[in-house]
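Each structure below appears as structure tokens.
Each of the two complexes below includes chain A, the first together with chain B, the second together with chain C.
Presenting the complex of A and B:
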């Protein structure tokens, strides 16, 4: 077990190191998220619409779009110099590769989300500080679901000719429950409701996280083959 | 070789019986829908579309379930047979899911006054349709072989397991944004007349037969393709 965790840790550390060196992914994800928020602000008139009503949706769209950017990058980067081949040749379990990639994706996405929140707060003029803890919890729960399924599909799409197109087409319909749940919870948090009143949504998203973690563990051997 | 031929002959016999049964069932359905069953009092003629709408929905759901089963069996057994079943069933499912999405708005426009309402059932059908369209796109975009079969099996499994989660999410989503409550969707709850239930049942039966007929044809085409590829390869290497 300890060796297994160490393997996962090594893969995550490898991703962090390569990101620290190139600084490609993170900056593009962040800027892309800011840009998508900006486009939404141009397309809705904030003086008419209540920011609390549209804000959560815009925030999650930004997360998901820029998250897709990160997911796309995560496995294509491995493909480029045959790194994935090398990882598969090394004596680690396929699930360890999956967990390593999933956690590093989650890590990058979470950092990006935390940095986007102040931008969101300023642009939409909403108060998130009073509900910051619950909000972070909701965002984290949703991000887990997104990364769990996203990493599985990204590993799958990276072997296709049209990988950049296929990933969102496969991913978006499947993550609908996470999007609906997270947007719902975020908007209710901003409206002043307590997290304790939303147990069924938390249950649903946790259920999604667990089901697709199980699916990923069971099917990753079939995807990372040869 | 002769055994194979016999098997094929038997197959085609079953096919003819199935074909005949389906034609009979559909004649009965058409008769029942347009002659036998009385016109619904409130909704009028347009209500008759239900006898196509509900069976299509049933058929597409059944087809997606078969995709799920075949996908699991493929990953387990690794036999091309299951991959063919999954593919054929997914194609049939998407066709009939599209029919559901087309007949729905045709009925909804005169009855609800709008083509589309973001009602739980409509939303989940649309998401379901998108999932399986993506599934077919994935199949089209990757070359034939074990990779395509494995990848699509993963999507087939993930897609079907997602259905209950999607169902609950859209159900709760709607309850938080209540819209004018329509008469129970598809006009079911109002207590149907026996003749209507009868017609619906005949139609359901006919559509189920149609599924097996289409499935048989589609599987045969795919197997023929495999055979042709095989022959081509043999020729290529023997020359």
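Presenting the complex of A and C:
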């Protein structure tokens, strides 16, 4: 188990090191998310529309679309020079490769989300400080579901010539329940409701996260195999 | 071939009736091969003969449709981590990250192989391949020859029992080819088992102990290098391929 965790840690270390050198992934995700929020802010008249009503949707559009950019890039890098095969030739369980890539994706997405929140707060003029802990928990729950499924589908789509198109086509319909739940909870949190009143939504998203994870563990071996 | 259909302790590679199909295409049509510890096998064959598919199956990157194969006593169907720790692969692709340095790449693979002192081992194999001066440079700026040498370093970092080389001379200039040949000679002299796929007949013959020819997914010939006439091998090679195709068309 220790060796298994060490190998997952090695994959994350490699991804972080690679990202620190190029900053390609993070820069594209962050710029895309900021631009999404800016475009919405100029198209919505916040003197008529309540920011708490539209804000959560805009926030999650920024998260999901920029996250998809990251997912696409994640396995594309592994395909260059056949690096994924290089990893598969190592004495490592295929699930360790999956977990390493998934945690890396979650890490990059989470950092981007934390940096986007102040931008969102300033432009939409909403108070997220008072609900920050609950909001971060909701964002984390939604992001887990997105990255768990997204990493699996990204590995699947990476074998296709049309991977940039196929990933969203495969991912968005399946991840919709998680996104709907996350947007709903974010909206209710900003409206002043407490997280304790949303246990059904938390349960639903957690269930999807677990199902996505179970499916990923069961299928990753076959997906990575040629 | 072993009498009981199982490898002996001296076998490093033992392949029996290996088949692989991709839909209607039969990439491998019942391959039998055996190689003993410390031997160097060169496999020749035209494009589409199934050589790369064979290497992919033997290195656990793909699963066979049927048949069995053992590497260092491990059945490839199990494809367990222990078996993969006995293998090194040098392919068309370098398996190296362009934006990481040579040292970082090899430390990554050393850690993935759970080696003790990964930094030390990575630096050692880089030095063996004559790349010490460039170990902190990103791989993306390396020449093709340097990348290939680093690929060899990556493939031997875990001190594998058997090395698979899939057309290692592809894209190398004369100087880089000579350099690669020297490195392979060192590995062969160290009695490392090697399976090399190549189209380069002179280079393939000069280092191997055994030679095989694959055509249309089948082993068309296998023998000891001392039993083949090196001067007339090219003619023999083309004749063997032609005969194999005639046989296939008859069937």
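The definition used in the following text is that the second predicted complex is superposed on the first by the 225 of 226 C-alpha atoms of A that agree within 3 Å, B and C clash if a C-alpha of one lies under 4 Å from a C-alpha of the other, contacts with A are read in each partner's own complex, and residues count from 1 in each chain.
Keep in mind that, in the parts below, a residue touches a chain if its C-beta (ideal position, glycine included) is under 8 Å from a C-beta of that chain, and two chains touch if they have at least 3 such contacts.
Note that the structure is a prediction, hence the values are computed from the model and not measured.
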Go through the superposed model and pick first if A:160 touches only chain B, second if only chain C, both, or neither. first
Is A:177 in contact with chain B, with chain C, with both, or with neither (first, second, both, neither)? first
First, second, both or neither for A:211, with chain B first and chain C second: first
So, A:225: does it touch chain B (first), chain C (second), both, or neither? both
Could you say whether A:17 touches chain B, chain C, both of them, or neither, answering first, second, both or neither? second
Just chain B (first), just chain C (second), both, or neither: which does A:152 touch? first
Which chain A residues lie in the overlap of the chain B contact set and the chain C contact set? 225
Okay, in this complex, where on chain A does chain B touch? 149, 152, 156, 159-162, 166, 169-170, 172-174, 176-177, 180-181, 184, 200-201, 204, 207-208, 211-212, 215, 219, 222-223, 225
In the complex, chain A touches chain C at residues 3, 6-7, 10-11, 13-14, 17-18, 21-22, 77, 80-83, 85-93, 225-226
Per the touch rule, the chain C residues reaching chain A in their complex are 56, 59-63, 80-85, 87, 89, 91-100, 104, 108-109, 111-114, 138, 154, 158
Chain A-touching residues of chain B, taken from the complex the two chains share: 75, 127, 130-131, 134, 137-138, 141-142, 147, 150-151, 153-155, 157-159, 161-162, 165-166, 168-170, 172-173, 176
